[in-house]
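To start, the structure under review is shown below, and the notes come after it.
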Amino acid sequence: MAKRPLHTDFACPDGKRFSRQGMPEGIYCPGKTILEIISIARRLRSADEKAPVILTRADDKIYRAVKKIFKKAIYNKTGGLITIPSLVPTAFSSSEKYICVITAGTTDISVAEEAAATAEALGVRVRRFYDVGVAGIHRIMERRTDIENAVCSVVCAGMEGALPSVVGGLARSPVIGVPTSVGYGANFGGVSALLTMLSSCAPNVCVVNIDDGFGAGIIASLISRK
Amino acid sequence: MAKRPLHTDFACPDGKRFSRQGMPEGIYCPGKTILEIISIARRLRSADEKAPVILTRADDKIYRAVKKIFKKAIYNKTGGLITIPSLVPTAFSSSEKYICVITAGTTDISVAEEAAATAEALGVRVRRFYDVGVAGIHRIMERRTDIENAVCSVVCAGMEGALPSVVGGLARSPVIGVPTSVGYGANFGGVSALLTMLSSCAPNVCVVNIDDGFGAGIIASLISRK
Amino acid sequence: MAKRPLHTDFACPDGKRFSRQGMPEGIYCPGKTILEIISIARRLRSADEKAPVILTRADDKIYRAVKKIFKKAIYNKTGGLITIPSLVPTAFSSSEKYICVITAGTTDISVAEEAAATAEALGVRVRRFYDVGVAGIHRIMERRTDIENAVCSVVCAGMEGALPSVVGGLARSPVIGVPTSVGYGANFGGVSALLTMLSSCAPNVCVVNIDDGFGAGIIASLISRK
Amino acid sequence: MAKRPLHTDFACPDGKRFSRQGMPEGIYCPGKTILEIISIARRLRSADEKAPVILTRADDKIYRAVKKIFKKAIYNKTGGLITIPSLVPTAFSSSEKYICVITAGTTDISVAEEAAATAEALGVRVRRFYDVGVAGIHRIMERRTDIENAVCSVVCAGMEGALPSVVGGLARSPVIGVPTSVGYGANFGGVSALLTMLSSCAPNVCVVNIDDGFGAGIIASLISRK
Amino acid sequence: MAKRPLHTDFACPDGKRFSRQGMPEGIYCPGKTILEIISIARRLRSADEKAPVILTRADDKIYRAVKKIFKKAIYNKTGGLITIPSLVPTAFSSSEKYICVITAGTTDISVAEEAAATAEALGVRVRRFYDVGVAGIHRIMERRTDIENAVCSVVCAGMEGALPSVVGGLARSPVIGVPTSVGYGANFGGVSALLTMLSSCAPNVCVVNIDDGFGAGIIASLISRK
Amino acid sequence: MAKRPLHTDFACPDGKRFSRQGMPEGIYCPGKTILEIISIARRLRSADEKAPVILTRADDKIYRAVKKIFKKAIYNKTGGLITIPSLVPTAFSSSEKYICVITAGTTDISVAEEAAATAEALGVRVRRFYDVGVAGIHRIMERRTDIENAVCSVVCAGMEGALPSVVGGLARSPVIGVPTSVGYGANFGGVSALLTMLSSCAPNVCVVNIDDGFGAGIIASLISRK
Amino acid sequence: MAKRPLHTDFACPDGKRFSRQGMPEGIYCPGKTILEIISIARRLRSADEKAPVILTRADDKIYRAVKKIFKKAIYNKTGGLITIPSLVPTAFSSSEKYICVITAGTTDISVAEEAAATAEALGVRVRRFYDVGVAGIHRIMERRTDIENAVCSVVCAGMEGALPSVVGGLARSPVIGVPTSVGYGANFGGVSALLTMLSSCAPNVCVVNIDDGFGAGIIASLISRK
Amino acid sequence: MAKRPLHTDFACPDGKRFSRQGMPEGIYCPGKTILEIISIARRLRSADEKAPVILTRADDKIYRAVKKIFKKAIYNKTGGLITIPSLVPTAFSSSEKYICVITAGTTDISVAEEAAATAEALGVRVRRFYDVGVAGIHRIMERRTDIENAVCSVVCAGMEGALPSVVGGLARSPVIGVPTSVGYGANFGGVSALLTMLSSCAPNVCVVNIDDGFGAGIIASLISRK
């Protein structure tokens, strides 16, 4: 029943979330018209000029429309994320602190970019290590020092989702596993990867929902700010 | 097939994990004999004197045996957790920083205490708010300021597992949801609570395995140290 | 096999259900041709002039066709519900009595409107509170008195489906949870929300099928009539 | 982890729920010691003398201990429910109004009695029709008039759980389906019956959790009071 | 991977199944080209002139192509079944014997017609009772005598799938439940109806796969021949 | 909640089922006291002297108690089935007609005997072929002629449940698959075998519930009587 | 989120896998652009001239583009597999050794061809036996000697997936079961066949993922080389 | 229904399986009496003196009884496996060839020993690497050369089951994943580990049933003989 029209005046966007909680309410684009998206973006911006506005699962068409109104909007095409930066510069990230965003395969990259772009929108420095899954274990081992020194790591993996456990065995910080819906057959749209990560033998692995790059980016940002 | 004898010489306890990763390898007691438990504890202690040794899912009998060997062992009976403190005092926790450990009901408390005692074993200050589930929403609202100021919150809930979402809407920091196997019928041993937390509308909620208080305590400790 | 032709003469619409049970048989539109829909509507109307005729999951095209035949037909576009009012005015709803129809997010609104429009078709007064989910708990708390005084509340929520439990902790009357298929990943098309509501710690919460706004509206109407 | 000791001082029983919501907080006995049960019962009673105190899933041993303290305690052995009546007589139930509590088989009766005794504790008149499942359809047809005139019906069924649909086709009021964990093989501990009731073709059927007689009794009471 | 080309010379149609087992191998049309379908039909016909050839899940386009080659082909459009009758008349069905094919709703009819047409292709007399689901129980009760005298009954039902249990409580012969993938939400594409039928409290109910009208028709034919 | 006391006066045994439907109501023993079992047996016997009384899932203790009252009671220890024969001799089974009861392994035999003894109680001749599973396919091939000539076959199999498909490819009559809860790991208590049988490529296979030997015996008896 | 653009420079193809492990990294085509596919193929070829390059789930369009660049590319249209042969001839397969690739039905053939073509690309001789499922058991029995002499057998089956167990009872070597997503209703996209094969009573049966012909071909090749 | 008595004369042990297929029929002990076990062992031995007799899931009591009859019986207590060696020496294993049996944790060892002892009973040399799970990845990396040179590897892992993928990325031969039922919460008795292994990104990983050490041992033996 998602195809029915939605009246924007029904929406109650939580414009004070950034000042109250240090993270903005994201605008999830699928199922919303461009008019609705822009209307909500405007209400969020006018409610708090210091808060970046983040649109998730956006596409080119949405970006072009948003760009007309918000000239400073930035588009991460791979991650499908549009950021309308805060009007007040965010400068809280120290120069040394960084998070790692890691993927097992190439098809996990769009989810990883959603996480990375979300963190960057919140002023967090991101290092990316992509396509370093466990079937060629040397690839992740080469990143060992980078992982050890990170404030936290976001690890996106589909299929069997084993990579977060390996990263969890290397890191000195929390590892956020993001199961992706990549794979076929008994992957069941990401459920296998999800169960793998939940059952991880590395105790510093926590998990977010399947394909939820946005949530992982938010949590990584909150950790890096502590 | 868990009832067959295990030879301790087969085990390879990871004695350098604390120095390498800042968290010790926990000894999961169920299915191990007291002799095996003590043997592994000794090997971990001798591998690194600075690392606290943590035994999970322990009972009175195990505690009495451990106490004979390790005089300083501490027992959190409700959480089933025995800590053999580091021989070198851990002093990294600043006096103001704290984490919240929260439960929805009274039956979630044993899991919560496992988390709390793990964090305390790693030098983290813990504030406990128990039996404050959503069916009487005023109870959690009274803790609003405490939650806002915490470094992170661990929220244990069974049945429908809705509490982490509410805490996630109040906190300025990550919320670690711990689904518990409390409830009956369509709770399915914690699966309902697990799915609830994974699908949380609050993006700062991440999740660990069902009843995994130990993992939540480890992650909370790592966050509070950043 | 739903795409094969259906012969309307096979159907046995239960035209006496309204007089027998106080609720009409609804016409579920998907999978039926417009001819079939109108034929069934006519048979229901002629079987009982006092019964309103309700068509669910309808669209604009169906509405235009129905409107030509039944001039008084009313269309709730958001809820996809067409009502052909009773030829005899229904006047049983007292002026003070009302039900609440509540949603967690904006995408739950189409299901909510199906429930609301069904109840209104049966002469029940409806108060709507939309987009008041638990991640911003203050929004539902502001509606506390309205909920306390309602005859019953219909609460539509997808994702983690926690809102009915919170409303159940505030209400003095039954709460009908309607899980919606909104969300992604481990939401599993509404199953997470469904399990959440079934496991609710508030004992006055009962549940209907995923996206079943029509059923919720019927039950709310029957309760408000008692 | 349910077997660890619980400290009653951790519990926050919601003593004002009856005055606030018209239903008491139930004390779920399994996993609690007799001392804890009596302590919570005392706190609930002293918080509100007008509220009946209800203990669910109780056994003979608990009853004997409770009876010593609360002389007026009543024990429904089949339903496992102990009621400590309000000190102020509840007299809100009119003499004609009643609810039906119905079972498909004999093994569903304990769940049904939990529902019936809960409703009776709240002053509701109950009519019982047991062992009237659909394999001998004449049995439920003989109760047709009784069902038509009820304020609502609670229908407990295991195995295939088909009875609520049949009752839903006869009633003029809401039907609360209670799936029971009775059956074997593909019943899956009540899941088959649960899914059956959720998918009911009768729109006036709503559902509570598997074996949740207490919840059904509460909802039936709230409906009968409207 | 079903969309790749299939070479008909790979197929080994079991042309002797009718003479060996009294039932023909059906040609399941989806995923086969018209050329392949006709080629297999020809091979089956030439292998045994006495065997009727049955094509399932066929559509108009397939029918027109088949009709050109096999002039006597009969098309049951609702059931999607094409029958190419035996060249030798089948006359084994006595005049009094019949089976019932019954549906709960109108959307179950296409599955029912697949069953009915299969049985008719094998010379069995069929009586149809459609749209007689349990929400209006009087409809099936009116067919009581017809059901009692049948050789067996095929009962097609989606949603909660309760009808076979009721028929099973009336019949003097086996009842073949056919769960259909009709319904939404917690019906899960027919699984709810399937579990309902498997858990039936009527011991004379057996079950075939979801939407498997062909199988039900075959079994009913074999029973009626005994 | 199955352990609570049951009052036999609540039970409505369907004493006329044998005369109405040609099969008796079975008494499912687990969860019933011996007093209750005997009370129900007496009521069934006195309701219809022509009906055999069948008790399922019985043990030695129940048998000794029943034998004292009903001298002619027969006990099939392996199948756990007690039969109290009709006082009027049943003589309807012709001398040539028989059913096959077949198992894949030795652990399926208790379920098979429940089916066989049920059929024998209703006057049907039974041929048994046990431990003839597909891993040694020659064993079932040796029984080919016996299967071809049977009125129907009951095939009990756990683990992967493949045997009914093979028998279905040999038989000229219906095959009733009975999945058994034998196996470990991914067998899931019989679910794998159940799904296997439902998905059988042999269209003459129908299925009953896991371990439901009684149901299979009833259906086989009804078929053999046609 | 698989539809977003992928940057090939993100990919880290494992060009040394063939020399290191004796099997090449396959290029899984779905979700990649033709440019990306060719870029990865080039990098793999230039990394190791001795390794064959294998592209899976390819179509005609991809083949035409690949053929332009790699003149020796071979296309198995049914299996959707493109092989770019090693520049150095692979000659390790002795003339007598062969594997069997077997299917239950015709619709399993595309998966079987993926397995067969993969093995052939690695220099393994393949014998194919297609459409020999258990419903006509004589078909597989005729291949008994061929199966007994094979180095291993790959058995592809959908629906109930029983064929690997039968082959496992005939073979003197490992049997690799490949469940296919062929079937409808309770097949659940291959899950039934998967569970069947995992629960096989023949201990020499191992299993790969649903529709994973490539994996089966790789394993069969590795076995045939030992 | 597994507790009912079994008559050994019902069993058809497949005494020629070793000569026909090169692997013996195993005797699965649970659910069988000691008398039955010895009777079957005797029949297998007398059917083929060259075949080793293997009893799985045995305990001390069974071993003592077997030892009295078969003086040469060997007991692997950890793996629960009793071997009665062939009367004719098996000498087919070359001195260099070996398989690896690997576990992730200590609790997986009993399953691993079942596999190892089975392979040894069939004359295969086994190298064991235990407790080398991915959370301390250095442990498995130290075994890299041993794995590369093995004929095949059996990898037993519970919890998230990630180890086979890592071994699959190192080996030059097939890897047989054995999911174990070790773990808690969302491990679901081994299902998570099973799904992980089925979805492995390393294409040389195949899978057997949960805890099926015997099957893995058989397959490894058959591979090492090729």
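To keep things simple, chains are lettered A, B, C, D, E, F, G and H as they appear, and every chain counts its residues starting from 1.
Operating definition for what follows: a contact is a pair of C-beta atoms (placed from the backbone, for glycine too) under 8 Å apart; a residue touches a chain by one contact, two chains touch by 3 or more.
Keep in mind it's a predicted model, so treat the numbers as computed, not measured.
Trainee: Which contact partners do subunit E and subunit G have in common?
Mentor: Chains that touch both subunit E and subunit G, as defined above, are F.
Trainee: Looking at A-C and A-B, which pair shares more C-beta contacts?
Mentor: Ranking A-C and A-B by C-beta contacts puts A-B first.
Trainee: So, comparing C-alpha centroids, which chain is the farthest one from subunit B?
Mentor: Comparing chain centres, E lies farthest from subunit B.
Trainee: Please work out the Cα centroid separation of subunit B and subunit C, and write it as a whole number of Å.
Mentor: About 43 Å separates the centre of subunit B from that of subunit C.
Trainee: State, to the nearest whole Å, the distance from the C-alpha centre of subunit D to the C-alpha centre of subunit H.
Mentor: Computed from C-alpha means, the inter-chain centre distance equals 50 Å.
Trainee: Counting only residues that touch at least two other chains, what does the list for subunit F look like?
Mentor: Each of 135-136, 169-170, 181, 185-187, 191, 194, 198-200, 209-212 in subunit F touches at least two other chains.
Trainee: Give the pairs of chains that touch; include all such pairs.
Mentor: According to the stated criterion, the contacting chain pairs are A-B, A-C, A-G, A-H, B-C, B-D, B-H, C-D, C-E, D-E, D-F, E-F, E-G, F-G, F-H, G-H.
Trainee: Quick check: in the complex, which residue numbers of subunit F touch subunit D?
Mentor: That would be residues 1-2, 4-7, 10-12, 14, 17, 31, 179, 181, 190-191, 194, 209-212 of subunit F.
Trainee: Under the definition above, what is the set of subunit D residues touching subunit E in their complex?
Mentor: Residues 104-105, 133-137, 141, 159-162, 165-166, 168-170, 183, 185-188, 191-193, 195-202 of subunit D touch subunit E in their complex.
Trainee: List the residues on subunit C that touch subunit D in their complex, please.
Mentor: Counting only subunit C, the residues touching subunit D are 20-23, 26, 151-152, 169-174, 176, 194, 198-200, 203-210, 212, 214-215, 218-219, 222-224, 226.
Trainee: Give the list of subunit E residues in touch with subunit C in this complex.
Mentor: Answer in residue numbers: 57, 77-80, 106-107, 109-111, 113-114, 130-132, 135-136, 139, 180-182, 184-187, 211.
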